[in-house]
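Please find the structures below.
What follows is a pair of complexes built around subunit A, which joins subunit B in one and subunit C in the other.
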Partner chain A sequence: MSNELTTQMRELAKKLLEEEKVQMVIGWEKGSLPYHSTPVFVTNPEDAQKLIWDEYCANNLASYLLDYRNSGMKIALFVKGCDSRAIVRLLQDQQINRENVYVIGINCPGIKDNFNPEKEIAERCRDCTHPEPVLYDEIIGEKPDRASDKERFEGIEEIENMTPDEKYQFWQKEYDKCIRCFACRNVCPGCSCRECIFDQGQKWLERRVVSSENAFYHLTRALHLAGRCIECGECERVCPMNIPIMKLNKKIAKDIDSLFGPYEAAVNLEEMPPLGKYKEEDPEEFM
Partner chain B sequence: MQRLLEYVGIEPERFQARWVSGSEAAKFAEIVTSLTEDIKALGPNRKLRDDHE
Partner chain C sequence: MKIINVEKIPEIIKKWQNDCEVFVPVDNEGAVDFIPWSEGSKITLEGNSLVPPKKLFFPQTETLYKYETKGQSANVIALEEKTAQRIIFGIRPCDLKSLEMLDDVFLTKGFVDPYYKLKRENTALVALLCAEACDTCFCTSMNIDPGAASGADIVACKSGEQLGLQAQTEKGEELLNKVSQLTTEGEIDFKKAGNFKLQADIEGLAEKLKEHFESPYWEAACRKCIGCGTCTYLCPTCHCFDINSNTRGDHGIKTRCWDSCMFSEYTLMAGGHNPRPGKKERFRQRFLHKLQYFPERYNKTACVGCGRCLAKCPAIVDITRIITELREVTGIGTGNVESVS
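After this line comes the complex of A and B, so read on.
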């Protein structure tokens, strides 16, 4: 199935570029390491041959649209289920124009973890709720026949049930590892601020990499994503120190579920995040 | 915010949010008194600080 998809992708990209419907196609190409497929930016119809689809096409390509948001270019890109939610995220946040992107959806069978290729499927794909893209102009691949075998909020309650000191120890251990490379922020489709709070001259965040500052960084980022996180798990994938960042993001998603009713971010373009709109029946926890 | 801080190990009593109008002096005093009592009972916060300071 993969090879068939690869052929389809190449033909499609070639056609789009030749007909000048788009100026660029973003997809994946074979990486220089085994088990790696890396993003590729195709502007020449001949280069469409570089494109591939395999089980290591992990990168969410939607975040790259942010780099071109002011270029006025029309760009086509391939999206898996989770990536398509990133497109909805960017559209809802008014970061991109719908008419400037041509979205080619891929029915995603789940991808593999390139650090643990012996595993059948990456950990973050196990609780996937949207293997089929939620938004696309065109879709390729067969409908995936797979169900998630993991609870959406698995492992969160375990931490909730710890004592305050245990929780603190748990997180402190994780934050001690953080080297503040900002990879999690840079890869995130929700982190679209032109000037990030952590890049400003003011000392919101001190430069030294110590656990208290690291904790502040992670908590702030989690709150900025509250109700907006699309749960793609890219932050955890790119983290060189293996910090369980999604355990924080999912906790907030869980709280929002319990406060505002069941909600999955960026599944429906029309439905704005619960923290981005007002309803009379919103809970008033501290009133 | 309180839920998140609780999740990372901060006692929820340390961070409380309340809505008090400018004309509710008595309510304000009451809340501050109870907050102070809560925090006195917990003692000084040693979390989210660096050891060498």
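After this line comes the complex of A and C, so read on.
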């Protein structure tokens, strides 16, 4: 890997570790296949050489900060535009301390999908609204010269135009594919509950993988993220069963946007999620 | 060997389906799955299924029996056993090997699981040899021959537009006899998959791992794992399950469902203690079960090199790399692996 960003990342990481500004740097390293770039956790300066940047650096590394939320460790990590919003998510949700994270932003040219490497660009990058990180301590890479070729809520009207029965059938068919691996939950920077509702001895969710339980799982998760979803698309990327998880997340984001907005989650640290704060002028048409 | 043009495969299946259900690999919106063949099903002869065929013997959700209570007494109601014959068409050599391991678990050492046994006995297997390796395949590293299918009733291999079928058991002979009008006698020029991009050497590893349970390697290696169950659910050899009751009033059902050692609940005890409290312990369990405990108990490595775990891992945890790294950790050298990347 001999691109300029890779060199910069290695130098930066090495320096941060050598100067003991951080105890760990989270980045990506090359996997066994050309389209495999995988998270790497560098703790000593010599290993900074492992770091790379290429078009397959898909993982949102911010979610890993949850693993270290009680450690008191100072951690540096690389974030693309979407990943930087995950940092805002974690800060707003009070999961991490700002002073314990050193954020290195990458101006993102858009990445490819390691699960569909033949695609020119990952589907989730097509409607990217923030290729430039929204929060960082320093930033590397040229400002990307790219425009989204898809509107933020494009395609959502397809669901909106369905009748209730059609909607039910559409989602039930999708949720019936679910094997309940919980990859979508575990990869999500918004899923930070210390004990997830779904991990409580089947108090809420049965182990049986049947329509009703699957729907309950997906709907609960989507609603729990209402107004908080940063639209990074990680959940949909990692779903082994190709469930269009972002379709529902985007629909909810669209509703939040039209009811309380304009609002885009975790773009601005000061702007808390609409459902997480009280405003006198909030609509209350149902009262 | 019996020969048939690949276009005629549905005709064979139709014939077989007169007496039984035939599961075939079908491309369903980008994910290949074994489903009962029906008119118009597009059988795919490339690659492998996303969810392994273990689900046909050990379903993700299986009702074991029903029960009802009346006052102080309770009745257990057995379910009607499905005894219809089934055929799985297109099972790959790696998945076939995984059935040997599931047999070990569900049928040996003095334990016989009747639910598994019945499905195993009622199923004829038509294996499809591999002419091409997927990027994430490494079956040869697990000593599996992509050009052989021991345990299958019929072995099929494809060359161009021709499919060759060879019976290996009496059951297989019978099935081929049923479709003899559709096939011709002949030979085909089949070349098994050779170019494997991934390799790993497990020779001598199981024995060595015993001393490395507390190795700091696990702490470092587990970091990228997000703790989901994708690898275990897509693994053809993973077989952990959980049994639960669903009671509604005075009646209910007992169910058995897949469980995953990657989940916190898996080892959570009634009193709240969790002997595998974190990512490191769960990650280590998964790999040691495959590479040490299973070999100790059944003399087989519980990995068939199908590569599904790597292909779908959200964080690209690569078992071939882990095996190679463990060789270094245990001090048995890099092993017999050609440089691939």
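Descriptive notes on the structure:
One rule holds in what follows: the second predicted complex is superposed on the first by the 284 of 287 C-alpha atoms of A that agree within 3 Å, B and C clash if a C-alpha of one lies under 4 Å from a C-alpha of the other, contacts with A are read in each partner's own complex, and residues count from 1 in each chain.
Everything below uses one rule, namely that a residue touches a chain if its C-beta (ideal position, glycine included) is under 8 Å from a C-beta of that chain, and two chains touch if they have at least 3 such contacts.
Just so you know, these numbers come straight off a predicted model, no measurement behind them.
After overlaying the two complexes on the shared chain, residue contacts for A:108 are found with neither subunit B nor subunit C. Judged by the touch definition given at the top, the superposed model places A:169 against subunit B, while subunit C stays out of reach. Of the two partner chains, neither subunit B nor subunit C is touched by A:128.
By the touch criterion defined above, A:64 lies against subunit C but remains apart from subunit B after alignment on the C-alpha atoms of chain A. Looking at the superposed arrangement, the partner reaching more residues of subunit A, out of subunit B and subunit C, is C. Of the two partner chains placed by the overlay, only subunit C lies in contact with A:182; subunit B stays clear of it.
Once the two complexes are laid over each other on the shared chain, residue contacts for A:210 go to subunit B and to subunit C alike. Contacts of A:219 after superposition: subunit B is touched, whereas subunit C is not reached. When the two complexes are superposed on chain A, the residues of subunit A that touch both subunit B and subunit C are 210. Those residues of subunit B whose C-beta lies close enough to touch subunit A in the complex are 1, 3-11, 16-19, 47-50.
Residues 29-31, 50-51, 60-61, 135-136, 197-198, 220, 223-224, 226-230, 233-234, 242, 244, 246, 255, 257-260, 263-265, 268, 279, 310, 312, 314-318, 320-321, 340-341 of subunit C are the ones touching subunit A in the complex. Of all the residues in subunit A, the ones that touch subunit B in their complex are 159-160, 162, 164-172, 210-212, 215-216, 219, 222-223, 248, 251-252, 255, 284-287.
Partner subunit C is touched in their complex by these residues of subunit A: 31-33, 36-41, 59, 63-64, 67, 114-115, 177, 179-183, 185-187, 199, 201-202, 206-210, 234, 237-238, 240-242.
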